[in-house]
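Scroll down for the structure; my scribbles are underneath it.
Chain lettering (A, B, C and D) follows the sequence in which the chains are written, and residue indices restart at 1 in each chain.
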Amino acid sequence: MNVKDFQPKKQTVNDLVRQMKFTAFNARKIGEATDILEQMIKDKGCVKILGLSGALVPAGMSSCIIDMIKNKWIDIIVSTGANMTHDLAKSFGEKFEQIEPEKIDDLDLRKKGFDRIYDVVSSTKTMEMMEKNVQKIFKEIKEGEYSTHELMNEIGKKIENKNSIVRIAADNNVKIIVPALMDSILGIQFWMHSQDRSIRVNEAKDLDYLIKLNFDLKEENRNTGTLILGGGVPKNFILQSVLVADKPHRYAVQITTERPEFGGLSGATLEEAKSWGKVDEKSKICCVYCDATVAFPIIVSALKERF
Amino acid sequence: MNVKDFQPKKQTVNDLVRQMKFTAFNARKIGEATDILEQMIKDKGCVKILGLSGALVPAGMSSCIIDMIKNKWIDIIVSTGANMTHDLAKSFGEKFEQIEPEKIDDLDLRKKGFDRIYDVVSSTKTMEMMEKNVQKIFKEIKEGEYSTHELMNEIGKKIENKNSIVRIAADNNVKIIVPALMDSILGIQFWMHSQDRSIRVNEAKDLDYLIKLNFDLKEENRNTGTLILGGGVPKNFILQSVLVADKPHRYAVQITTERPEFGGLSGATLEEAKSWGKVDEKSKICCVYCDATVAFPIIVSALKERF
Amino acid sequence: MNVKDFQPKKQTVNDLVRQMKFTAFNARKIGEATDILEQMIKDKGCVKILGLSGALVPAGMSSCIIDMIKNKWIDIIVSTGANMTHDLAKSFGEKFEQIEPEKIDDLDLRKKGFDRIYDVVSSTKTMEMMEKNVQKIFKEIKEGEYSTHELMNEIGKKIENKNSIVRIAADNNVKIIVPALMDSILGIQFWMHSQDRSIRVNEAKDLDYLIKLNFDLKEENRNTGTLILGGGVPKNFILQSVLVADKPHRYAVQITTERPEFGGLSGATLEEAKSWGKVDEKSKICCVYCDATVAFPIIVSALKERF
Amino acid sequence: MNVKDFQPKKQTVNDLVRQMKFTAFNARKIGEATDILEQMIKDKGCVKILGLSGALVPAGMSSCIIDMIKNKWIDIIVSTGANMTHDLAKSFGEKFEQIEPEKIDDLDLRKKGFDRIYDVVSSTKTMEMMEKNVQKIFKEIKEGEYSTHELMNEIGKKIENKNSIVRIAADNNVKIIVPALMDSILGIQFWMHSQDRSIRVNEAKDLDYLIKLNFDLKEENRNTGTLILGGGVPKNFILQSVLVADKPHRYAVQITTERPEFGGLSGATLEEAKSWGKVDEKSKICCVYCDATVAFPIIVSALKERF
C-alpha cells in the first residue's frame, strides 16, 4: 500500500485515524491498531482484556475506560493497584489539578499537602477521605478468601458514584484483576483492615479463573484479544495467561513508550511474544509507540464512530 | 485548572484537542501547543518559522506543511536536506510504499532496488529519475553564489508539481533554509553539478538574512515564533538565530521524541533555552513528547477548524 | 564543581567511576550513584533494599546480585516473578544463548522450542525441567499460608545450586518479596501445586513485614535505602513501603531507561517522590538513565574495590 | 554463544568490557562495539571516521577524542558546529560547572550570566572571550574559499592550547568536517568576520574531498569505518558519503539514545543502512543504545589496554 499524504481539514477523529493508517511510523500504527480493535469487538464470543498501567485515572482517561465497559468492548481488566486506588479516590471526590512541573518545588508541595504525578497534583486530604470510605466498604464485605477480581467486584457494588470504573465494571460483570494488589494504597488499606478480621486476598484464584477460562474458550473455539496500555505486570499477566491452555491471543494491541532494546518485557515487541506462543501467526498484532494519553482517547473516539 | 475526564465520542479533531488540554502528560501538551500556535498565527506581524527534521515527507506529512504555507501560517522553513530531497523526488513521481519492518530483509531490499525508512520503502529508480530532473533544473539556474534559501527558491520556481513543498514555498514567498544542504542527496547532486559550472552555495548568507531580519523585527517591535518538528540542526539553527539581535522567540513549540537527560540539544527543554536567551519569561513555550506523525496532523487539523 | 575531562587509559572500574563523577549527564550519574550506595553500605543499621525488574537473570546479572547479598550490601529484595523464575530455571540447568534479533524469525524459534528475550533465547525444555523440579520442592513445603518472602525462603533452602539468588538469599537471611508472584511461571506452578494441597500465598503478609519493620527502624533511629533496577511494581512497592510509618528512604538510587514525561511511576523522578514523602530533603537520591546491564555491573565492580 | 554471568570484582575496564560481551542487551553491545573498533584500528589502510553530535565537549569527553587522534585511530571527524565551538571556547579558558537541573531557575541563570546544557553551565563571559579570540584568528587566515575542513585546519594551526581537539587534529592531519558550520556560534562568528573580508566557506568542497577519497580507496582496495556518537547531520553525512562511489563502510558503530520506531535517521538501525548500500553483508555493524558519556569513555579506555 502506498503512503497517502495526510490531508488536514475539519474532520472527525475517525476520519483522522483512517487517514493516519496510510501514513507511516506511529500515525500508521494508530490506524492499524484501531482496525484490529474494531475486528476484535466484532468477533462474537471473543473475550476482550484491557491492561492498565501508568497513571491513567489521574490523567483523565477514566471515561474512555468506562465507555468501553458500557459498550461491552471489554470483559476483563488487568490493572495496577494504583489505577484502582485513584479510581476509588476519585469516586469519593478526589480532584487532580494541572501544574507546571518545571515551576514547582516538591518539598514545597509536600508541606502544602499535595502529591505529584508529573504534571498533576492531588491533595493528601482527599486520600485520607478515600481511606475512610474504603475502610467503611471493607467492613461491609463478608469475611473469607477472595480473588482480586472478587474483591474488586464487592467494592464496586458498594460504590455510589457512577463515574467509577470499579462501580461500572461491577454493574457490567467485568472482572478487574489486580495481580499486585498489595502494591498500592488500596492494598495497604486492605492490609490494615485485615488486621482485625478474617479476610484475605488469594491471587492464585485470579490465575485459576483466567486459566480455566482459556481452556473453556479453547473448547468453545472462541478467541481472546487484548488492548494493553503501558507494560508492567498487567502486560505480562495478560500475555502469560494463555500459556497453560496453549491458546494464543488472536488480537493484541499495545500502546507504550517503552522500547525493546533494553530487554524488559514492558518494551518487548509482540513479535517476540510469538516465540513464547502468547500470540501466533494468525494473530493480529500492533504496537503503538506513543503516550497512552494521546493514542487511547483517539482510538476510543474513533471506535465510537464505528459502532 | 482541574483535570477533566476526556469524553470519547464522535467529535472533530479540534474538539479532541480542546478536550486533551484538560487532561495530563502529552495529551495536555497537544492541547497547549495548539493554543500557542493559534496565538502565534493571530499575532499580526509575527514571523513564523517551521523546523523540519525526521522523515516527514516519506511519512505523508507534506500536505500538512503545504497547507500551513498556503494559509500564511509559515514564513520561513528550516529543514534537513533529506526532507527537501524527498519533496523533490516526490514531485517527480517517487512513491513510498508501506512495509512491515519485522518481515523484510534489508539485503534483499537492496537487491530489489528499494531504500528503507523504517516502515516505508521507495525505489532507487525514482531516485535516479529525480536526479536527472534536478540536474536539468540546476542547468537553468544562473551561475553565481546563492544562500540555500535563494537556491531553494530558484528550484521551486521550476517545479511543475503543485504538491511540492519547494514549489508552494516559492509561490508564497516562504524562504526554505537548509543549513546542511550538502548533507543530502540534493546536496550531492548540487556538488556534481557545480563541478562544471561556477555556481555555489554560501550558507553564511542564510545566517545573514535571518540575523538582519531579527534586527529589523526588533526595531519594528514584531515577534518571532516557531514550530519545531524533531530536533537536530533545524532546532539549533532556529533557536540560535535570535541570539545576535538578542530577541527571544515569543512562541516556541517543539514536537519531539528525544529527551533532556542525555544532554543533546535535540532533547533539551525549552526551559533550558531561557538561560541562553533564546526564549524568555514572556515566551509561550511547549514541548510535546510524541512522534510528529501523530501530533503534527492533529494540530494542523485542529488549527484548520479554528481559522 | 567543574567538569574534568575524562582521561582514557588502562584503569580499574573504580577509577573509571571516580572519573565519571566529574563529567556530565549519565556518566556523572553513575559516579554519584556509586558514592550514594557506598554511603548506604557504610551506614550501620541501614536496611538496604534491592528492586529487580527487567530480564536481569537472563542477561547475566545474577552474580552481581549474589555478590551484593554475600557482601551484606542487601537485606531485602523486591522482585518481579520473572526474575525469580529465571533464577530457579538457571539453578536447574537453563542456559541463555545469545542470538541476533534482526536475523531470527519468532515463529521459527517457536517451532524449534526457543523462547526469546530480545537478544537471548532459552529452550522450552529447560523450562519444563524447571517446572518438574519446582513441583518437587513445593511438595516438600508444609501446608499453610505464606508471605511471598517466606515461600521464597522455603524454596531457597531446598535449592542445591549455590549460584542461585534464591538459595544464597535464604543462606544469608535476605528476604525476597515478590509482590506479583502469580504474574510469573513460578506463580503458575504454585497455582497448579495448590490445586491439591492447602497451601497459599498471602501477599498482605509481605506488606505487614515491611511496614512493621519501618516502624521498628523509626524507633531505633535506623535508616532505609534502596537500589532500584528498572521500575514497575518493585519500584512502587519499595517506595510506598515507607508511607505508613512516614519514614522516608535516606538513600535511593534508580537505574532506568524510562522517562518522566509520560507520567508512569516507573519513569517518575525521585524528586517527585519527595512530594509523597517517600524520600525527603535529607535523602541522597540519584537516577541513572541507562540500561541496567551496563550501569549495574559497573557500579557493583566499583563497590567491590571500595570495600 | 551462551550468556556468562558477569563477575563483579576489582578489574580493569577492558576486563569489564570483555565480560560484558557475554551478557545481553546493551552491555553485550558495548563488548561487541569495542571488538569491531579494535578490528577497524587493526585494518591497515582503513580510513576511520568519527561522528560527533551531542554536547560531548561540555560533558568532559574531549580527552577521549584527542587520545583517539593521537593514537591514529581517527582520520576524519564529522562534527556539529556546537562541539567545535565548545572546543575552541574551552581552549581559550571556558569552564563547565556541574549544577543540579532540578534546583535551578533558567531565568535566574540568564540574569547571572550562565548558559545551561542539562546539568552543566558555562559563563557567557567566557563565550565573549572566545569570540574575541576567534575573530583574531580569522584575521590571520588568508582570504579565499575554504571547505570546512580546510577552515578548521587553519584555525587549529593557530590554537596554542594543546588540549584542543581542533589543534590536535591539525597537528595530526585529521580532517574536521562541519557540514552545518553556520549552525553554531563559531559559524555566526565566521559570518560576522566575513562581512568585511572576501572569505567564505564552501561545504561542497567537503563533499568533494570525501567522495573522491572514496573512489581512491575503492581503487586501492582499502576500507572505511566509522564510530558515530549520537545521530543527526554527522551520522547522515558519514553514511551518505559512500553512496556515490558505491563503497559501503566495512565497520560501523553507533552509540545513540534515539530509536528506530519514530522514523528519523538518527535512530535508524544500521540494518536499515544495508538497504541503501551504506553498509553491506560484509560490514561489521553494532548499535549501542546508551548515553555516549557512559559508553564512549568505557570503549576508549578498553581500547587503550588493547593497543
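Convention: contacts are C-beta pairs under 8 Å (C-beta built on N, C-alpha and C of every residue); 3 or more make two chains touch, one makes a residue touch a chain.
Since the structure is predicted, the reported quantities are computational estimates derived from the model, not experimental observations.
Using the contact threshold fixed earlier, the set of chains in contact with both subunit B and subunit D is A, C.
Here subunit B and subunit C face each other with the same set of residues for the most part; over half of the interface numbers are shared between them. Of the two chain pairs considered here, A-B and A-D, the higher C-beta contact count falls to A-B. Note: the chain lying farthest from subunit A is D, by mean C-alpha position. Between subunit A and subunit C the centroid-to-centroid distance comes to 25 Å (mean Cα coordinates, whole Å). Each chain gets a centre from the mean of its Cα atoms; for subunit A and subunit D, those two points are 44 Å apart.
For the pair subunit A and subunit B, the distance between C-alpha centroids works out to 36 Å. Among all residues of subunit C, those that touch two or more other chains are 24-26, 55, 58-59, 117-119, 259, 261-263, 271, 289, 291, 293. On the side of subunit A, the complex with subunit C involves touching residues 53-55, 58-59, 80, 82, 101, 106-107, 109-110, 114-119, 121, 145, 179-185, 187-188, 190-191, 194, 200-204, 206-208, 211, 230-233, 236-237, 240, 243-244, 257-266, 268, 271-277, 280-281, 291-293.
Interface residues of subunit B facing subunit A in the complex, by the touch rule stated above, are 1-14, 16, 19-20, 22-28, 30, 55, 58-64, 67, 95-98, 102, 117-120, 163, 269, 271, 289-291, 293-295, 297-298, 300-301, 303-305. Remark: subunit A residues 24-26, 259, 261-263, 289 touch subunit D in the complex.
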